[in-house]
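Shared chain: chain A. Partners: chain B in the first complex, chain C in the second.
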Partner chain A sequence: MSSTTATSGLSRARRGLAPGGSGASPGRKSKLSAQTTRTFFWLLLPSVVLLVLIHGYPLIHAAVQATHDGDLLQTGNFVGGENFASVLSSPAFWKAAQFTLWFTIVGVFGSWLVGLGLALLLRTKIPAGNTFKVLLLLPWVVPIVVSSTAWNWLVATPDSLIPSIFRGLGFGTPLFLADPTLASITVMVFKVWVSFPFMMMMISAALASVDTTVYEAASMDGASKWQQFTQITLPLIARSTYISWILMTIFCVNDFPTIYLLTGGGPVSATTSLVVLAYRTVFQDFATGPGVAIAFLMTMTLVVISVILYRQIRKSSVE
Partner chain B sequence: MNVQSAATRPFSRRNFLGLTAAAASVPLLAACGGGSATQGGGGGAGGTVKFWDMPWATPAYNDSAKKIAEGFAGANNAKANYQIIQWNNFYQTFSSAIASKTGPAVSTGGGFQAFQFEQQGQIAYADKVIEKLKSNGQFDDFLPGVLDPFKSDKGYVAVPWQLDMRVFWYRKSLFEKANVALPTDWPSLLEAGKALKKLGAFGFATGAGSGNNYGNHSMIMMMVNNGGGVWNKDGELDLLNDRNVEAIEFVRELVSNGIVDPAAVSYTTDNMSAQWKDGKAGFGLFQVNVPQRVGDTSGDLLVADPITGPHGDKATIVFPNNIMMYKNTPSQDASEEFLVYYLGQLKELWKQKLMSALPVFKSITELPEFADDPNNVKIVKDWQPIAKTFAAQGSTLNANLAALDGGQALNQFSQSILTGQAPDAKTALQTFQSGLESVLKK
Partner chain C sequence: MSAVLHAHPESGPALGIADTGKTRRVLSEAGMRGRWWRFVLILAITVIVLVPIMVTVVLAFTPGVNSTATGLTFENLANVFNGTLAATWLQNSLVTTLSTVVVSVAVAAPAGYVLSRGRSKAVSGYSLLLFVMQSLPIITSVVPLFILFAGMGLVDNLLGITIIYVGSTMTVATWMMAAYFDSIPISLEEASWIDGCSVFGSFTKVVLRNSLPGILSTAIFAFLLAWNDYLVAIVFLRSNEIFTLPMGVQSFFQQNATDWTSVMALAVVMMLPPIIVFATLNKYFSVGGIGGSLAGR
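Our next item is the complex of A and B:
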């Protein structure tokens, strides 16, 4: 074998080519890569342009509004970070942030727990299981305007059904929407009620993909039901769980109608979340800059939370 | 040379990209084209006046208003088209449309909307309309004082077309059952409230839940009823005046005595109506046409007399809803001609009993369809003459009132009073004033 042939063979081997294969010269390969890149670029360009128009323009416009003292019609004067500073130094903002935090925690984990419980229950063989599944979806399917009106009539006045039941049981007449603490709890329970079907469906789908032989093997190894749940079920549905948490976190933080239709953010701001505060600041106080600044702060917080949970998804995938 | 026909030539990447670019440009070009179609969009094409109206009453109202608007036939073949704008986010709807030059030429809208858009240079003054109303006799037909709040230094910002009054209503049978006289002043209001409470009814019915501004209006009404108000005569914030403090202390007294429903703070307007219908509300501030609204036309719900404040003042509040013209119009003459025409046709709406507000024209108040209801007559006779706007103690409306009406500061204030959370009237008013100052345009 000549030295030239040996060098060529090593070179081909390094490039991962079999003997006799034609291969392409490095120059040709990089040329193809550049062309491919250009093709991708041109193929993507229309979508990118549309995305920029649909998302980028409003975002830039909102950024302009957040840094100016104008209104919905006029940009006004540039005020830099003044709107952000005034929002961050406002007690109303922090009160709303606190409520949003609790609303999100209860909304995400409350609906997840209820959804998980029902998904596990529906996995067992119960009569008319599919009918129950459809019925349990109703809170999610029914328009929020309808369900909030129904809830309002259930709890709003001292003579509504739920306060009447409480009174009948000797618990006095709770003012579910008029007492600040009770109103907060009512709104959170309403959110859980509206959201659990979504969680139930996500978890049901994840559970459906779990191989039942895993449980049989665990049983044979003497694992208890609780151990099977904590050591098999939860880890196997972890990826789906994290995704549902991300989505529900976004749903809760951005949830306007659930709160606004039921309480309007009251009484005395007890149920004012950040999105309600942003809405009221822009459309009731006509203070566009501070309102948009609140929305920006919400978006940034949501991005951070989403990134953290997304990392958890990747981690659970690796595991 | 190998020449292939176009049909047999392979579809190259370059061709594909070209086609993609062409396809992508279609919506962009269409979007650009759309701009020219709506240019001068205030009126659309061919001298058509675009009239935007709100759902002021049942859908039958909008059907009737549409018929009136579309019956307009002006000079130079001018016409009008009619569009309903929902109350949800209405200000944003108007703002976006005006900013993109696709807004109306003439519209109804929020009570202070005309002043907001005037501040932004979008409103066409109605002075020529007023001149025409003077020449056709309609000017003298206005109820006293309804036009004055719209006159600014530069001209008439809008023209009123209906009055959303706040008046006291009562349920006659409850007062008879409680064997108590109708309130004529604050002490008797307190006494009547105590008597009604024994029957499980409330003597100062109100509500401040989602979308319900009656709680806010009750607070301002009581201030105005005591000779106070949010502003002083020069239009400056004046919430901490003695009359306001006294009025709010009195409301706190009503709350602490259980004369205000403890759940009122969360009541929507529907909840409030239900309280009236169910006989839980004995006396309280509400709008025109309450029997029709709550569904009790038995004659048991009646308009009360205005009550007198401790210093002899007697007043209520009114929201003069108005029609405004915008600068972006196909023809200002057509806009004015349409507005004069529309004002002349308003009587049809009251003839058909579609309105839950007072008319602004005396001739309409004299229509049998309106005057047959003694409650209407009483409101016109006893309440309209003492009605003041949200600008009280001042008289001219302005853009700042939009931030007051329905704004967070007033809402928080009302709710803090109705829940009894406010430690005292002065502190609550101080917080209200600070909140309002932070959002008012300097």
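Our next item is the complex of A and C:
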């Protein structure tokens, strides 16, 4: 469902305009033109008002806050780039940036690999294949608040189920949420668990549109399974892959509940991502300026990453 | 008519497994064995993946520590509804989510129509603007909105978070609607214009009437986003009786971390509506001609 959106949104953006499917005949259009423009204006108005209120105004206000030393109650004095300077020179920021980077890399490629594997497996004829497809979407459908609670039950204390199993197998008792390194890994595995169904849907949709006779022809020409995979399958799903990478990158960088609900950013800020850091800075340390500055830096990074991946989409869609 | 294609579940590419008569004919005995081997593999993976969800359900119906009940019980659910504000949280969540769904569709459908049919520079610029806004982290706008809403009495208020949900679902919802309208031939509207219908009239009478699948998938998207949100709720909701379910579950969990059966009972209450929506409307979950827009262009 979201994949639909995403795809069409991006393809719209890629073409640089709203498409409008089949073209209207120009003659009739000009006749209706004045009325049409007026109607279009009124149809678009509620959307524009909301966009300005919920996205436009806050963005401008945030820019003001990021350059002032105020709090949640008052704007404070203009301090220019001071907030940005203090944020950029704080070790906490760079630690959070580093964690966000790893979290995003593992989240994007981990969920992609799992989703790709399952999509390929489910493409073959399997008894009750569609049932599995639906069941495997559940991690993505279930609210994070619920699944994080379940994961907590499974791993949080030394006596939880998973640590007990490890102990039983003679691996000691891993402290999945108390050890900084293990907690980081656990959060990333949790993220992959939540996200792989999205990737599976995207890739399944792309695979479903591939003509299977291509493979028959290829195997007649003596292409091995691996060659078929790298020479046929991967190029054919390249576009949806890049799109899903872009979206998952945005999802991962902006992710708050997956991390916050499982570890709260701890232990000792080992799993504090930039969003969690921004949230804490504003709502726990009440330092609005630096907090918003962090959010702004994230925004800029996201734009850069999107542009890079966006070019890849254009390249891949040339064929 | 392409609108019909979308509505048809079998044509939803995401769930359709390519199964041609040809492959069935050449299935040898080894192929059959391969099928069952893959069946076992996917079964094992599915079971492992669903462990956290199964654990939640099982614990929710397991007798608690102080309980005298044996076997499976509804005691935990009863305890949660009697001992906490669960009913209020559920109601709050339903009210905000359903309002979000209705208003999102009401705002996104007309805007999506303009995006789909309009050809001016302003329209394409607006389309791009929606894309840019979508990718920005919500935390950036949450802080200014908090200050703005505090002045208007909209903090700790269900209307306040509903407005934000509508705002944040709107961008994607508009594309979803636009993508769906793209699949409806403009000749239908042209026919109604000749009959003297206005642009607005043909939008409501011709286009919207043929857009149920698109509206439903947009509605599902808005439903999931509003129902599952935690970040907006944690910033804007303060009082216990204004909490939505995510906040309720989380606060209850923090206060009763050892009373797992009750926590899980509440968690089941929270995950049931999205699963019901998903189970009943699952064919719309993956609609929208993904195949076409992905591979076709």
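One rule holds for everything that comes next: the second predicted complex is superposed on the first by the 264 of 319 C-alpha atoms of A that agree within 3 Å, B and C clash if a C-alpha of one lies under 4 Å from a C-alpha of the other, contacts with A are read in each partner's own complex, and residues count from 1 in each chain.
The working rule: a residue touches a chain if its C-beta (ideal position, glycine included) is under 8 Å from a C-beta of that chain, and two chains touch if they have at least 3 such contacts.
The model shown is predicted, which means the values in this text are computed figures rather than measured ones.
Chemist: Given the touch rule stated above, what does A:204 touch, chain B (first), chain C (second), both, or neither?
Modeler: second
Chemist: In the overlay, answer first, second, both or neither for which of chain B and chain C A:267 touches.
Modeler: So A:267 only meets chain B here.
Chemist: Is chain A touched at more residues by chain B or by chain C?
Modeler: Larger number of chain A residues touched: C.
Chemist: Tell me which partner A:72 touches in the superposition: chain B (first), chain C (second), both or neither.
Modeler: Touch partners of A:72: chain B and chain C.
Chemist: With both complexes superposed on chain A, which partner does A:248 reach: first (chain B), second (chain C), both or neither?
Modeler: Neither partner.
Chemist: After the superposition on A, what does A:158 contact: first (chain B), second (chain C), both or neither?
Modeler: first
Chemist: Can A:125 be said to touch chain B (first), chain C (second), both, or neither?
Modeler: The second partner, chain C, only.
Chemist: Mind working out whether A:178 is in touch with chain B, chain C, both or neither, as first, second, both or neither?
Modeler: Only chain B is touched by A:178; chain C is not.
Chemist: Please work out whether A:192 is in contact with chain B alone, chain C alone, both, or neither, and reply first, second, both or neither.
Modeler: Neither: A:192 stays clear of chain B and chain C.
Chemist: Touch check for A:297: first (chain B), second (chain C), both, or neither?
Modeler: neither
Chemist: Determine where on chain A the residues touched by chain B overlap those touched by chain C, and list them.
Modeler: Comparing the two interfaces on chain A, one with chain B and one with chain C, the shared residues are 39, 42-43, 46, 50, 72-73, 152, 260-261, 283.
Chemist: Looking at the complex, which residues from chain B come into contact with chain A?
Modeler: 13, 17, 20-21, 23-24, 27, 89, 91-92, 95-96, 98-99, 116-117, 120, 122, 208-212, 261-268, 270-271, 274-275, 278, 280, 402-403, 406-409, 411-412, 415-416, 418-419, 421, 439
Chemist: Which residues of chain A touch chain C in their complex?
Modeler: 1-13, 16-25, 28, 32, 35-36, 39-40, 42-44, 46-48, 50-51, 53-55, 57-59, 61-62, 65, 72-73, 118, 121-130, 132-139, 141-147, 149-154, 161, 193, 201-202, 204-210, 212, 236, 239-240, 243, 250, 253-254, 256-257, 260-261, 275, 278-279, 282-283, 288, 291-292, 295-296, 298-299, 302-303, 306, 317
Chemist: Spell out the part of chain A that touches chain B in their complex, as residue ranges.
Modeler: Contact set of chain A toward chain B: 39, 42-43, 45-46, 49-50, 71-74, 92, 152, 156-159, 175, 177-178, 180, 183, 260-269, 280-281, 283-287.
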